[in-house]
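The structure's right below; bear with me while I get my questions together.
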Amino acid sequence: MKMSKILTKGKAIFLAYDHGLEHGPTDFNDKNIDPKYIIEIAKKGKFNALIFQKGIVEKYKSEIDKSGIPLIIKLNGKTNLFEGEPLSEQLCSVKEAIKLGAVAVGYTIYIGSKFESRMLEEFSKIEEEAHKKNLPVIAWIYPRGKSVKGKSSGKLMAYAARTGLEIGADIVKLRYNGNVNDLKWAVKSAGKTKVVVAGGLKCNEKELLKKTKEIIKAGASGLAIGRNVWQSKEPIKLTMQLKKIIWNK
Amino acid sequence: MKMSKILTKGKAIFLAYDHGLEHGPTDFNDKNIDPKYIIEIAKKGKFNALIFQKGIVEKYKSEIDKSGIPLIIKLNGKTNLFEGEPLSEQLCSVKEAIKLGAVAVGYTIYIGSKFESRMLEEFSKIEEEAHKKNLPVIAWIYPRGKSVKGKSSGKLMAYAARTGLEIGADIVKLRYNGNVNDLKWAVKSAGKTKVVVAGGLKCNEKELLKKTKEIIKAGASGLAIGRNVWQSKEPIKLTMQLKKIIWNK
Amino acid sequence: MKMSKILTKGKAIFLAYDHGLEHGPTDFNDKNIDPKYIIEIAKKGKFNALIFQKGIVEKYKSEIDKSGIPLIIKLNGKTNLFEGEPLSEQLCSVKEAIKLGAVAVGYTIYIGSKFESRMLEEFSKIEEEAHKKNLPVIAWIYPRGKSVKGKSSGKLMAYAARTGLEIGADIVKLRYNGNVNDLKWAVKSAGKTKVVVAGGLKCNEKELLKKTKEIIKAGASGLAIGRNVWQSKEPIKLTMQLKKIIWNK
Amino acid sequence: MKMSKILTKGKAIFLAYDHGLEHGPTDFNDKNIDPKYIIEIAKKGKFNALIFQKGIVEKYKSEIDKSGIPLIIKLNGKTNLFEGEPLSEQLCSVKEAIKLGAVAVGYTIYIGSKFESRMLEEFSKIEEEAHKKNLPVIAWIYPRGKSVKGKSSGKLMAYAARTGLEIGADIVKLRYNGNVNDLKWAVKSAGKTKVVVAGGLKCNEKELLKKTKEIIKAGASGLAIGRNVWQSKEPIKLTMQLKKIIWNK
Amino acid sequence: MKMSKILTKGKAIFLAYDHGLEHGPTDFNDKNIDPKYIIEIAKKGKFNALIFQKGIVEKYKSEIDKSGIPLIIKLNGKTNLFEGEPLSEQLCSVKEAIKLGAVAVGYTIYIGSKFESRMLEEFSKIEEEAHKKNLPVIAWIYPRGKSVKGKSSGKLMAYAARTGLEIGADIVKLRYNGNVNDLKWAVKSAGKTKVVVAGGLKCNEKELLKKTKEIIKAGASGLAIGRNVWQSKEPIKLTMQLKKIIWNK
């Protein structure tokens, strides 16, 4: 896999912006509702990559190309409206992603969902095709659904990490449960698959920096961050602080 | 995409007539039950395009061709008889639509439905194929199903608009909830994807004109209108009034 | 479409015999249980076409060929044993039907069923393929399933007719609810798609002739009749009476 | 179809041995658990054909070949463990069956099951492919599932027979309900499709011979027998008695 | 099938390590969480083969290759999070497995599950493809799901074994119920399909050795063992003891 296109010394900070489909525009304000604003942040902050759905890429291709920032396309997605067991299916082919300039692809799997097997199966086909074309594959793995309720967050995080390794993801994206030892175990569970942590809900910047230190200490390879950066009043300043922590500068 | 075939200065008024399948003939009277009557209105009113199901196009192809009005084919559809979670599947291939003379294609997605993922996935394949052939894709996006009940109409409208952008629609067709600020936000959410508003139930003409002014003020690109025009006693007169508003003449 | 092979002056009387699969042999007696008896009636009565399932055609091909009567193959079917929402799937490909000598194909859609979308979608592929090969497509459209209960029979009949037009059927086969004005409206709803009426349960011959007059008066193109003919003691005599009414001789 | 390979003067006695998958080894004893024992019986008893699942054929191919007995491969199957609506799906392709030496193929359809349509559809594809290659198709048709309970066994048996004809089976395998007139009607319902009767549970040999006489009297073409033969202490002697009845020697 | 690559004198001891996906990392400690540790054990203990999911193989290919131990890839898998009827779908194609160096492939079927037929069908396609390429196929067959509860463990074990034979597995992997006579019967039920026994939960080593003696006495071909070996403090010593029993040295 050509991991070098999306990693710097084995680490990364990705700017994620698939919230418009996953959560609706409620995450946005007048500025960050505009993909151009996000592309500007990625460019100025020199992020390792931008993460978009296919539709954003098609409509803002010239802006993305001009930014020079590598592109990761999320291949599946769903709205958060349906309240039953989560299922997210493929909305962009690997071929199409490559045509649109992606240097890596992403896919979400809700382990524990009634539809887990459908997502695992679809992912496996994507992985096979992407790897044939030398494209790294990033798995967003989130334990979700009725069956998961009440189970230990640490065990679930490690299970998500290990699933990433077992199914062939090059990078697994997890939600951090806030316990650094649990994350260490999760990173170990992932073996040679790299772990990046999802930024999650916007939080206090101090808290975010503290969390990032823990993440790096636990052995993770970086962040796939969205709201905390593009909802920030000073996204570039914050990005620089995060990068310092990630690369121990 | 060859958007120029269905837009005039970036705006449009489409004559929609897929009600026979979606609602049954209860929307019709002795005149407008006949597709030829609709084609006549489109021709006299110089609509940007006619919207039909494949079956109508096959049977009335010579009339459509003679009218000179561009054709949009709705690729999926369902009756309103089944009372469970809505699912509308593909009834016409992109290839067939092109063969029948379509210059753009449409597809309905019920976000929030139990079957949302099936429609999103099918749409994504249609979008890829249509875009490869330079054909614009219009997504009818309607929040629908049990899970959607009680949710804010403004948020849902913006979510529908944003979904259109994220999945690669060139135009997204929404139902207007009557709040101009909500629609502004929805238009913004759609980014470079254009928004057209569905006409909805026949209403008082004054009200329709007022609504149309709001729609244009909110930044939408026009209307996909059906019942309000072809149920009108003076459809051409009304059309001219609507066009004045849309193009600020 | 080569409609001329199954129509006479735009009208038709088809001899339907798919009851063995749809209802089981309970509709049959010692005579009419034999497909050869049916083929004989069709030949003597000079029906416009015979309607069979693939299996009957394969086993009685020489008899059918000798009769000289055109053949319509029903492409889907089901037993009446399962008591849940109706689903009837494709049991014969268009290619196979052509190979077996069919000059038109038929397919049943239960609108209002939980599985409506699956049948609509399958029909649409059949229609595309058949039309490519110039073969007329006949849609049996019956509102059915839990959701349909209690709805107006007149509205449902018109909805079925209109669905036939919208999805590209050349002929739509309906059940007549007994109200001539309702049928007129249904025929109008079908536009350029022709309407033929299903014979239904065996009834008094007087009643059948009266019903047939109404059907023709309402603008329908004829009958697809089964039990009333082949359960009759004098099927040819009855056929001649029906033909007189259909062609106003 | 090359029926001659599995029929003698239009009649047949098949040795069925798919019980290992359908019922588990509870039907077996130390002798008949071994497929070689079954092959020996078929050889000594000069059965018209052996009926196996693909797996048995692969592992005992040299023994089957040496026996010289024609081979029928059952293409679908299931265990009897799951207690919901029955579904049996294809486990061996027609191509594979031919490669393994089959001269006919079999498939079970549970009419009345919630999954009836899936099995009917799969059967229809198998039938088309097998017939293209001149291979006879045998349909095991069993009314089964919640909806079937309480319905008349005679009517169900005739319905199964007729379904075989309508869907294109060359031979339909039924369970005999013990009423000779019902079976006569079922045989008549099957038209040119031949009827063979399943042996069913091991019973008293006298009773079996009596039943076989009735079956032949009713016009059926023979037996597809398993347990009654290979659970017998003197399988060859019994086979000879059955053959005498079947061929009226 | 090239069984010689994974058997020694018709017997085998496989080192299984698919627990990361099937159970999560809870089975692991700081040592055995690392696939390299497992590969070392396999090498030192001269196991007949290593059993991994595709992802592990991709990431640790050079270590596996260096070890010289033959590779079996498990083609399907699932987490243990979802609490409904078990379904495990294909996550690696046969083609991909071969490309990654596998000399045999494995697949799990939960007989008795609501989804049994889906797994049986998927297995049958894998079996056909693998056998075409001369690759042995190992079926993990476990009775599982609501319908199975309360049924006799001995009968279920024999049913699993027989299912392996009927569907064409070269080796069937079972859980041993602890009754040597039951296992004898299961081995007999499997006919020419070889039986290997799953190691199961870590137990006392004495108990394990005793169990292994019974397994061999019952006629099984060996073990597919995981936790009992790689959770052991002296895995190589234990392996040597097990091998002595298996090969009666």
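As written, the chain order gives the labels A, B, C, D and E, with residue 1 at the start of each chain.
The definition used in the following text is that a residue touches a chain if its C-beta (ideal position, glycine included) is under 8 Å from a C-beta of that chain, and two chains touch if they have at least 3 such contacts.
Note that this is a predicted model, so its numbers are computed, not measured.
Shared residue numbers account for under half of those found at the interface formed by subunit D and subunit E, and the copies are therefore classed as meeting with different residues. Taking each chain's centre as the average of its CA atoms, subunit B and subunit C sit 34 Å apart. Our note on geometry: subunit C versus subunit E, Cα centroid distance of 56 Å, whole angstroms. Chain contacts: subunit D has no residue touching two or more partner chains. If touching chains are joined by edges, the resulting network of the protein chains shown is one closed cycle, each chain touching exactly two neighbours.
Taking subunit D first and subunit E second, the full cyclic order of the chains is D, E, A, B, C.
The part of subunit E that touches subunit D in the complex is made up of residues 111-114, 116-118, 120-121, 123-124, 128, 131, 143, 145-148, 151, 155-156, 158-159, 161-169, 185, 188-189, 191-193.
Residues of subunit A touching subunit B in their complex: 18, 20-21, 24-26, 28, 30, 33-35, 53-56, 58-60, 77-79, 81-84, 87-93, 96.
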